[in-house]
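Just passing along the structure, written as structure tokens.
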């Protein structure tokens, strides 16, 4: 097997948050030790509730933010400091697709100019106009739409334009942060297909961040579930989403409305999580239906399950502890 | 609340330090004080002796600390014109200035705030437009033009009032009106927009939709909320009580702090200028501090939002 | 950001209100006068006519030679007025541009570097917002004496903190979520981000602030010149004409009234245009 294109190890990102107005500042770990890797042509789906740190993880992986701990390697080399020339050059090889296409586009500049902008920035040789036309067609827009302004396009068309801009320099890695959640359901599928199509043609590696399990399952080769800054379960999408091992993943999956599915929906107990109040031990234990005393004390490591090697971070799954509630 | 006070106090001190530093830097940049003060034909030895005597040979930071220390002990230097202490010279002019600025402040608040509230409540009425035109006019007519026109009409043509000087209360009438009218216009315009902003908020509409009488909505919801920004601008006006009459005092030959400042600037009497600068900064900072405390009284929520989302 | 509800915001007609049209017309007239000052002034502004000292304007018994009368040395008031308009407008435009440039640059620096740079800029903003600018300007003039360049630069610092606040705030919000963040991750240099993207996007807000600051600078200039601390003779500005005319208030009020009238109408016009622009372009500004 070849070396991964992207390799992130033990990423930690802390923010300083103020409690109250003049209260003490508390460090908040938005990302609390995330490791992931991605190969050429592979899609990793990153799922979790909003606020679980998945967007921050995406930005760390791209080097848009510097991790407080841990490291990112891209194509075998460490990530340069943000703002340096090396860092700027690297932007041509990795791109971020934003959730809000209208916000990501400059409303005063035409679509065509914006799609050409990465080519100008990275001084790509060749006919930029022709390349823009080619990009527009490849994402399913018409060539004459190059002269339009963002507000003259529909939501789906704007996201296509953002994609075209991201593809301009033929990046090896695309991080798509909730790329379809601002779109109408009917357009979501088109954009998803477009992403899959691009990947098939160019072998782009894709980190697909979403809160929508069904979407992630459609596109991903692997799925990682995040909870409060940590990956709690990672494996192939069918396995993780058919038969989740981690109690949190089980709750997420049970919340998907599916006709004919057996079993009851697991309703999570307790308050929604906040990284400012990270519980001790396993961060999920206050809301976990099967938690035992050990879960409050010891933080479980993400390691392969004995039966099939799926990565899970739960004491109970690994048999380190036995829940009485399950038995009851 | 204590933390809040401490934070505001810290900011006030930072501003004062910045003003003192500003005075020091400007003073040093403006040239060698020895060359400024000594006569043209002073021998080089005399200049050197002067420098040594005043510590001008010391490193800049030593001078800076000495400068701070002197100011801290109330030593603001002597006027180069009559050799008296600058601080005495300035403080003895304060009552005269307050005799103009205090009644003017009363006029500003007494006319400006009600006019602004009325205009906002009767938006687009004839009265509203009148207030707005008056407000723009009051802002665009400079005080020296207004003052001179008042002199031309009431002193020169009609002969009702004296044109300048400080002999009796009648001498104060024209300058007070000149000061008050312009400020009232600014305040009216400001109050009106603050009121309009509050009246457009959802909670006002929901209160009136719930059937609360309009007068009660205005009294209990709109006015207290509109008061918050309005208090800021009034605070600025209070802060400029000491030196807010520079131009008007000059127009009416009124012997206040402002007139003193203009004369001192013209004569480059640096000690006096610096003393007035510090005095104004102090008043302004204290007024801002009071405004901040009033904010707390008017709206406890603000204590939370100001530092988090300010600027 | 709180937008007033649709119900309280009257629909403005698309046509430019008559008063604003008047303001634009007056400003254009003043600019024409300023640019053609040398061509249209009937006399050199320092030329003396000792036989016609303190002559009244036409209509008040004055000679046809001097339409707006003459001053104590027999200098033609109309010629002086034309030259004064040119200098006052030059100072106001120059100072407005300097203020916008300095403020916007510092605002961008604060937004780009954050950290101590931002704290420093904000402390300076606080400092200049907490002192009446007239007092600051007077102190600087006392310390440095006076020259036209210094005077323009000094007035340029009026209201710089407003541009700094606006530029910083808008640049931060554009950098946190929107187009600026997107362009940054494309690999654009800071020059490109701020020059090509942020600046055009906040230009309308900055222009509105400039139209609101412009009349304030005219008032400041004329106030300082009136006090004898601004433009120095033999140069002449509107405020300095009012200042010198004041001595002849009883005998020759026209010396003072003509420039006073120009000051008031010009500031009034620009204020009207500024208010109108603000309502049209940028309802978020006060």
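Going by the order they are written in, the chains are A, B and C; count residues from 1 in each one.
One rule holds for everything that comes next: a residue touches a chain if its C-beta (ideal position, glycine included) is under 8 Å from a C-beta of that chain, and two chains touch if they have at least 3 such contacts.
For each chain, UniProt lists the protein as follows: A = Peptide/nickel transport system ATP-binding protein; B, C = Peptide/nickel transport system permease protein.
The model shown is predicted, which means the values in this text are computed figures rather than measured ones.
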Per Cα centroids, the chain farthest from chain B: A
Chain-chain pair with the highest tally of contacting C-beta pairs: B-C
Rounded Å distance between chain B and chain C, as computed from the means of their C-alpha atoms: 21
Separation of mean Cα positions, chain C and chain A [Å, integer]: 51
Whole-Å gap separating chain A and chain B, where each centre is the average of the chain's CA atoms: 54
Interfacial residue positions of chain C with respect to chain B in the complex: 2-5, 7-10, 122-127, 130-132, 134-136, 138-145, 165, 168-169, 215, 219, 222-223, 226-229, 239, 242-243, 246, 249-250, 253, 256, 260, 263-264, 267-268, 271-272, 275, 286
Chain A residues touching chain C - in the complex, by the definition given at the top: 62, 64, 88-92, 95-96, 98, 100, 103-109, 117-118, 121-122, 162, 165
Chain C partner contacts - residues on chain B that touch it in the complex: 11, 14-15, 18-19, 22-23, 26-27, 29-30, 123-124, 136-137, 139-145, 148-149, 151-152, 156, 193, 196-197, 199-202, 205, 239-240, 243-244, 246-247, 250-251, 261-262, 264-266, 268-270, 273-274, 276-277, 280-281, 284-285, 288, 311
Sites on chain C touched by chain A in the complex: 177-179, 181-189, 192, 197, 200-201
